[in-house]
Amino acid sequence: PEFLDTFQKRIDAEQKIEPTDAMPEGYRRTLVRQIGQHAHSEIVGMLPEGNWITRAPSLRRKAALLAKVQDEGGHGLYLYSAAETLGVSREQMTEELHSGKAKYSSIFNYPTLTWADIGIIGWLVDGAAIMNQIPLCRCSFGPYARAMIRVCKEESFHQRQGYEIVMTLAQGTPEQKAMAQDALNRWWWPSIMMFGPHDADSQHSDQSMAWKIKRFTNDELRQKFIDATVPQAEYLDLTIPDPDLKWNEAKQGYDHGPIDWDEFWRVVKGHGPMARDRIKDRKAAWDNGAWVREAALTHAEKRRARKMAAE
Amino acid sequence: MAVFEAILELADDHLVLGHRISEWCGHAPMLEEDLAMPNMALDLIGTARTLYDRAAMLEGKGRSEDDMAYLRGEREYRNCLLVERPNEDFAHTMLRSLYFAAFMRPFWLATLEMTTDETVRGVAGKAEKEMAYHIRHAGEWVIRLGDGTEESARRMRDAVAALHIYTGELFESSPAATEAEAEGVLPVRADMRAAWEDVIGQVFAEALLEAPEVPYPQTGGRKGLHGEGLGHLLAEMQSVYRAHPGATW
Amino acid sequence: MAVFEAILELADDHLVLGHRISEWCGHAPMLEEDLAMPNMALDLIGTARTLYDRAAMLEGKGRSEDDMAYLRGEREYRNCLLVERPNEDFAHTMLRSLYFAAFMRPFWLATLEMTTDETVRGVAGKAEKEMAYHIRHAGEWVIRLGDGTEESARRMRDAVAALHIYTGELFESSPAATEAEAEGVLPVRADMRAAWEDVIGQVFAEALLEAPEVPYPQTGGRKGLHGEGLGHLLAEMQSVYRAHPGATW
Amino acid sequence: PEFLDTFQKRIDAEQKIEPTDAMPEGYRRTLVRQIGQHAHSEIVGMLPEGNWITRAPSLRRKAALLAKVQDEGGHGLYLYSAAETLGVSREQMTEELHSGKAKYSSIFNYPTLTWADIGIIGWLVDGAAIMNQIPLCRCSFGPYARAMIRVCKEESFHQRQGYEIVMTLAQGTPEQKAMAQDALNRWWWPSIMMFGPHDADSQHSDQSMAWKIKRFTNDELRQKFIDATVPQAEYLDLTIPDPDLKWNEAKQGYDHGPIDWDEFWRVVKGHGPMARDRIKDRKAAWDNGAWVREAALTHAEKRRARKMAAE
């Protein structure tokens, strides 16, 4: 209890907690879960976008998409490293992902059905991710905060790129504009759900706020996101698929219609349309690569042995 | 037109190999390779873009880099057969990159010394360094796998047996390339043989691999005589572009 | 237009499943199956053709069966998700066919008794017999594999786990299908449940398989909400047709 | 020698030899080799055509191609059965195919590069096959002769279908006509080579002729094929890629230019462009199907055991 007090004081004083510092078990556990989940999301997130690399309709877009997916792998790498500072190995986290024990962002359990989805994902999904992640740059846990600074910089580049793809479609042929609108229709609500349950129904929030792992509530972040996104959609002459969406002068923000929480929980619980395919793909990549990882280890040992023999 | 075609051959080599490597995306054997492979693909596609652009300018018919990539069929593609070979496994993929880069690096170095085409010189300066990285990255993997476990060594040997027969084509100049060489735009392909064999020899020695005798090298790519895989690759690559004629992306 | 759409849904089911089965061509586990699978694919594609033709006539815009098949994108395809699932292995492929045929056979039998559409009646009369054969052929394989070796039993169970969640959609009527049912063109999909469960129950009993509980059946195909595989299937299928707009083949 | 005499007399009297009849070892061996090779050709021949089933540009053509490839599988089945009457199992023949010990028609080691190849294969390759096979309907070995009667009927249907595909292309857009001409350019010489070496260089011919396994020489059949095909090409306004091709009034047939025998032998010896891919594909199908065949056997045994226990 005294330790908890001192710890909380450090947090309140905005001091960064470093891996070698003593920390409450709950703090450690929460961070391991959250950082792991975040890392897994980057890794699984490579799949829906990777699905369009081979079909990207211009070489410029193909290159940009490849670079984006590569960045996501990179984010996964920093985040796994940040989690490793808390004493959990990448191998262990990977196994938890494959067994279904560890979660990743539900948004990646929706399929990418047309090229417009690549634009919309950049605009909305990366946009929502940034809203969530900017406050994490000030997270109390040092390695996570530092990883997020780098991640956020790249994400906001991705978001602009995504918006530009959508803009090109919205200003293109009628078929292209329809494709953009269709993708917006499909991704809007899942994006809104990325901020999680309403504050009243959120389990982890209070303690995470106190520990400054989290700095804004789900609903606050969701509101920020909607307020930023609606004018962008208007500029593109695209319609957000929410008939109840309207400006609320009093709160100086948009009111939105009811969220389908049944859908939310169904997808969170692993019944999203692509849930099984995503894990199957990741497992296949891991299992098919086992001989490569094993060979690399064996070779490194042989080399070490030879070097020692030579000395 | 000969120089145009010779540059198109080079561009096709880079695009097709870049595309093949990009097929790994999200499915690599480890996260580090999920970063390294897009890197290699990006180098290759970047080079392809500049070369297509240059080819289109030489052709002078107002075609864009995307028209070149997305509106030519399998018989019009001029890439060598090596680059279109399927990924199969990580051993095949790394060996294919090593074979290609070990040719391209001396090719670009020679280009830097002789080309009269400023765009091509610009490409060569950048690509030479990239190819040095590809040689290092792919070469290290060939060594690790060749001198790794029993399974990895077997897979590496299978890859050599499957791919070595396609390497002879790298050193052949098509009539168009021969003209481009005569005009001082590109170096003579056959001249890269010693440098290529040097790199492959060094890697193979460490990887415990042997280069097989090839009585009949497989060729034909420069005449558009490809394997059956390229058509499928292009069908997928071109699907969106062709479904929306004239659209901007 | 509702009847048009309802018939299109049926046609898409048949074409996509036929296409998937045709992907096995030349790669079946034994020569007898290299004969049986094209047979099944031909039945399905034949039915699709007649249905597309009928749908096009109802639409009245002068589209051909090929326009229907080759010029609609992934969001316009209306097939159920089951039929587009990838082949994976022979166990998945046979189970997918069994699930589908066990639905279609009672569906066509019911159609024969009630439909007011003569073309649809013609299709039903022919397809009912074909579906009986598909049930027998695929069902026998499900039994052999389910009650075969340890490996085949494991693969069969994996297939059930992977595919059962897509069967609920077979019994759902889209708004268009509901109208076609009300107009007396097609029978009510939900009414096939008992006959379907009867066939699956008998086969599973012999195959030592259990049908899992499915809390959340996967649906969406009738709204064009497909998995990621369909787009690749169509990219390949439509590649030649789209590369030559307006040509006759 | 007396036995050989009697055997030859039966042959000369056009009596059919049946599997239970005594026959010279050389006769048996020649037939096993030839029928096996023929069966393998049907099986490997499914691959280049199968390559276009998923891309056939109309549903009618897709169905026809599926049916054609299925017929080829059927031919393989009759032919394996005919060979089995001579005491060699399908399994054994399959292994010889995969190990490279048994040959198949070299023509299938060329790739199918465009849709036009499907038409040209039907027209030329099936056309050449029919020329070779019609005399085999009168082959001295009964099971082979009977299998060939059925095969020839189907092949001539395929040939007409192929010609019709080429005709549609030749009368289509300029791109389609160019596609047909290109395919003709690529397949003409390999088709001509299907009849084998010139008579002067052919090893097996004399004995096979005496045994009435073969009834015409390679050059005779090649000449028939060329004479039948040239007018068909002219009708389509397509050019046969042989500048030396011309009508010879004296022999009432066409003279053709020199055949590239280096190319012929290279491909026969297994260095054709698709040789490795074809065998790899066949082996993969066989190996990936091993668990299915094994399960079928195991199930049949279980069933037998249960039946016996119940009796």
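Each chain carries a letter (A, B, C and D) given by its place in the written order, and its residues are counted from 1.
Heads up, the rule we're going with is that a residue touches a chain if its C-beta (ideal position, glycine included) is under 8 Å from a C-beta of that chain, and two chains touch if they have at least 3 such contacts.
Since the structure is predicted, the reported quantities are computational estimates derived from the model, not experimental observations.
Asks: Where the contacts of subunit B and subunit D overlap, which chains show up?
Replies: Touching subunit B as well as subunit D, we find C.
Asks: Compute the shortest path length in steps from subunit B to subunit C over the network of touching chains.
Replies: 1
Asks: Find the geometric centre of each of subunit A and subunit D from their Cα atoms only, then give the gap between the two centres in Å, rounded to an integer.
Replies: 57
Asks: Quick one: subunit A and subunit C, Cα centre-to-centre, how many Å?
Replies: About 36 Å, centre to centre.
Asks: Can you list every residue of subunit B that touches 2 or more other chains, as numbers and ranges?
Replies: If we look for residues of subunit B contacting two or more partner chains, we find 73, 235-236, 239.
Asks: In subunit A, what residues contact two or more other chains?
Replies: 55
Asks: Is the way these chains touch best called a line, a ring, a star, complete, or other?
Replies: Contact map by chain: other.
Asks: Return all touching chain pairs.
Replies: The complete list of chain pairs in contact reads A-B, A-C, B-C, B-D, C-D.
Asks: For a test of understanding, state which residues of subunit A touch subunit C in their complex under the given definition.
Replies: Where subunit A meets subunit C, its residues are 48, 51, 55, 111-114, 182, 186, 266, 271, 273-274, 276-277.
Asks: Which residues of subunit D touch subunit C in the complex?
Replies: These residues of subunit D touch subunit C: 43, 46-47, 50, 53-63, 66-67, 69-70, 73-74, 76-77, 80, 90, 115, 165, 168, 172-173, 175-176, 281, 284-286, 288-296, 298-300, 302.
Asks: Touching subunit D in the complex: which residues of subunit C?
Replies: 15, 19, 22-23, 25-35, 38-39, 41-42, 45-46, 48-49, 52, 65-66, 69-70, 89-90, 143-145, 147-149, 151-152, 155, 236-237, 239-241, 244, 246-249
Asks: What residues on subunit C touch subunit A, complex-wise?
Replies: 73-75, 162, 215-216, 218, 220, 224-228, 231, 235
Asks: Can you name the residues of subunit B that touch subunit C in the complex?
Replies: For this pair, the touching residues of subunit B are 73, 232, 234-236, 238-239, 242-243, 245.
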